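Consider the two complexes below, in which chain A is the common component and chain B and chain C are the respective partners.
Right after this comes the complex of A and B.
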């Protein structure tokens, strides 16, 4: 990889050297389409997260970049080299596997040096790099142990260390935190973020955990049903989801969806009815022509209790979830839709009490029959 | 949960009793008898006089015993390691196949294992027949067009029986190796591929060390089985000079059933018993400690 970097001439910006470009990549297993027409550009030094439900093809896509799966159509470029026909070891990437895939019979040091030994790296250089990576990851005292003698978190560090010593163009991480317990996952997440800031390498990270995605990513790639649904920064995805799927997938508790009973397009803005309530929104619907099967979306944190009882929505509190810093109210509306609203930590509300809710209209969305989203512009 | 201790003992007795009884009656007691008989001049049936170590001295000084030890040892060398290596190679090839193809090939390799020795003997006796055996086509290629009686020429006898034995018993070892290979996570090979390890290096640095416990097991099982070799050697040597190809169990058979020397036969059996225990325990410990390094 080092060689590859040196071979690039000067008029290439560093941005090109470790960026990853996918164009129209397709993958089939027999007659079953796994991925369809995936196109994506990952910038050099970017921390990008593939997020999606299980079976959406995100791990397959990562494995295709790694070269562990063939692609059926399209091209993959890493830096300015086309790599989709190259063997995994020729692509200059390193991968951290979900189950770490450490060599069980080798010590930590042997695990980390194996790749370098295979390409005939100078022994002193191997020792230097392993020691350096070990001290970065604080695993120096573990170098003579075997994987079986390590805890889950330590194995995870060794797996990352094995990737670091190879000085790859890009790191590919396949759900690396999913085998850790909650506390350790939180800590390791922060360490990964720090590691990325320090070594500034391109990182492609696969997860089904939205907290990991939101906290780690420069950009998130939301995948669903063999396709990329949306690419954007965590806040873009949270506040401007392009589809009902993304809106429902990101955010916890999930966005509330309410059927729209009446819709008028007034000068490009939507005036809607939810049950018997009329709401004049600022949602931009200039190009929305259908007026049936529309859904109104609002996140729990955009709903607040109206103390004066004059909020846009009213209903009965069914369940009160007290989380300490805030309270989640499960409210049944008059049309029997149940929505979740956020209240302050010391909420006075109890189950069965009547409640009136204010909607923060600047954070509302409309979804059409196909799931396409309309936002307040 | 607290339980009556006596009830526990009763359960243990009911569950373990039948086995202990049968094991004691059919293995321990005969073994003790065998050791006792080896110190007497008993015939095959009936009691004998106590003769002390006379049988042992006689057997150990005998020409046929050293011949049998030599032949058995030679057979072990010809079969144990080659059979283990071939099994591993076959297992690695078979485990690359998938679905029904794997099942079919595995069944093909396992089939001989379920055949009785008489069938194996007859099949191979045809195969190596001087006039119409297919093996002779190969033999003629290397022997200026002349066929060779493979089981009637001393230098060819043991190697021929060894080949037949390996073919016959391969399936079980292959099965053990396939199970062992299946336990190595495919992710490890993917990691190795990303780590620039060539196929050969993946074998020497990943597969071989990780499959080593199975290899040690197969080697030990093979050693025990081949030290007890009798049927194939006996059958292939029928009609030939049996003393020249004599193996240890065959020698026991000859002493007991052909010469009516029960005491002497027991002596050889005790010696073989000791040999198997010492060699297999020694080998297994040696192999295990090697694997740990």
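Right after this comes the complex of A and C.
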């Protein structure tokens, strides 16, 4: 018993030193490649989010860290222990499932203490840990209820509580908010962020919701097509996406993409034409070797209505979406490209009115044929 | 508005005609059902009233639907002259062990086939499905020889062991275990639970409804079983109720009132169990037929 507690403490201290490390991890289902050469270091105490479209392999990667899926190649270290050959319960992690997986016939207290009972933890210690976790999550009054008597948000907290009592090295969370309604999701998101700040544990979180990723993560891992596309802080990923996929995936509304009709590399900076408009950008294109199939990218918040009618782009407003604090304008340009621009909440523009748009050139991007991004340095 | 009125006025008579047609159809169906129920229930009623008649009244010509002289003579005779208390005990003990054994072994087998990955898993399931198609009568000689070689004839174990093989319970459990989201097993694995614990602490309690339904039906089946206990228990000491009632006769041959009284006594516990657990039994029968409740 004492030894187990000591092991737990040892696990914590080890994790504080080195976190989770994935090196060249691969996964196949039969002949189908699910993940290819995934290498990633997750720092101790970090809140890292795996973000990507459905089927990109993010949940599989999480399950591989948990030990619920075997890996075909590579290594996984948690702390300084290699764990990829260990059973899930030997890895020192706890997981929160998308559907919570709370045992329906057990009370909340029994759910939270089940894991500790199985390893023979002292009863007093179990009660202490459960009470402490319940108090942290403000679910003390729910301890004698069964999952069916709880709301979605309460179930979600119990699932986190069940993970906390195990005092794991890392928490693995697989889309834990996706079963909640929008309002509750927002509230629970904040509570999760507060919980992470309080317990300072390593958290690996899988989601396809970019708002959750942007608000919760210390770093985001963008995944696509079996691979990691980019790892970075939320703002790095938003402002300096490494590829057209990342640029289009992050941000709502999505980044506008316009075909470049003419490109000149002038002293390492890009001078481009979009339709009949010439734009001299500060985008660093020193190593851009081709001038074919290039795309110009600009986010809606980097486009603003030119009051004097002399902006770089002009077109006709097709749809006006009034969101209260801002207005989204869907504008058709002369070459029939439709782009989205942001205006103030009380925008005077109406559908079919002509509009001229200014581009904030410091927030523009160019993407080559392979999708590689070039930014303003 | 006018259009609505027109459409209402044209559709209303059609509705009424159809409703009337359904009413007449329903009435005929109800009558057929009632007649069917009477035909089905009449032998039970006949057994019951015969058991309360004196034998002299039973053998009188003609049909008498009520006993003219109500008597408990047949019941008293059975109680005083047969080993019915012992038969009840034998039936209760063997049926309870069979129920417990069938539920535990079938749930374990179903969990293994449903949740564990091992070579030959599919073949094992096909074999179980195949054995479902072999009637117990086809195996009865083998069972008899086997039990005789083990010297288990005329013992409770001899009655119980061959009746522990109930493939349909395995199949029903497998269906239910397949339907449990895999996250429950994974959560339990992360909670350091062994497969044994996952089955008994998570899967069986989560499927308590089907377990109780299958247990009741298995118990009733074991209680009513005749052929195998009839062969395996030749001595009075190990006879179950269905086998024992065949012994209710005297040197003058069959006494109908006593035979009927013994049939009533044999069926009584099952009737009580059925009345208590009617819904669960219906559910179990539907499950065995492949209809999920």
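In the analysis below, the second predicted complex is superposed on the first by the 359 of 377 C-alpha atoms of A that agree within 3 Å, B and C clash if a C-alpha of one lies under 4 Å from a C-alpha of the other, contacts with A are read in each partner's own complex, and residues count from 1 in each chain.
In this text, a contact is a pair of C-beta atoms (placed from the backbone, for glycine too) under 8 Å apart; a residue touches a chain by one contact, two chains touch by 3 or more.
All values derive from a computational prediction rather than experimental measurement.
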TODO: After lining both complexes up on chain A, report clash or fit for chain B versus chain C.
DONE: clash
Open item on the list: Output check: A:39 vs chain B and chain C. Expected answer is one of first, second, both, neither. What do you get?
Closed with: neither
Open item on the list: I'd like to know which partner A:151 touches here: chain B for first, chain C for second, both or neither.
Closed with: neither
Open item on the list: Between chain B and chain C, whom does A:68 touch in the aligned arrangement: first, second, both, or neither?
Closed with: both
Open item on the list: By the touch definition at the top of the document, which applies to A:87: first (chain B), second (chain C), both, or neither?
Closed with: both
- [ ] Look at A:211 in the shared chain and tell me whether it touches chain B only, chain C only, both, or neither; answer first, second, both or neither.
- [x] neither
- [ ] Return the residues of chain A at which the contacts from chain B and from chain C coincide.
- [x] 66, 68, 87-89, 93-95, 97-99, 101, 103-105, 114-115, 118-119, 162, 166
- [ ] Name, in rising order, each residue of chain C that touches chain A in their complex.
- [x] 181, 183-184, 186-193, 197, 201-202, 205-206, 208
Task: Touching residues (chain side chain A, partner chain C) in the complex - done: 66, 68, 87-89, 93-95, 97-99, 101, 103-105, 114-115, 118-119, 162, 166
Open item on the list: Residue numbers of chain A touching chain B in their complex, please.
Closed with: 66, 68, 87-89, 93-95, 97-99, 101-105, 114-115, 118-119, 162, 166
Task: Footprint of chain A on chain B - complex, ascending - done: 185, 187-188, 190-198, 201, 205-206, 209-210
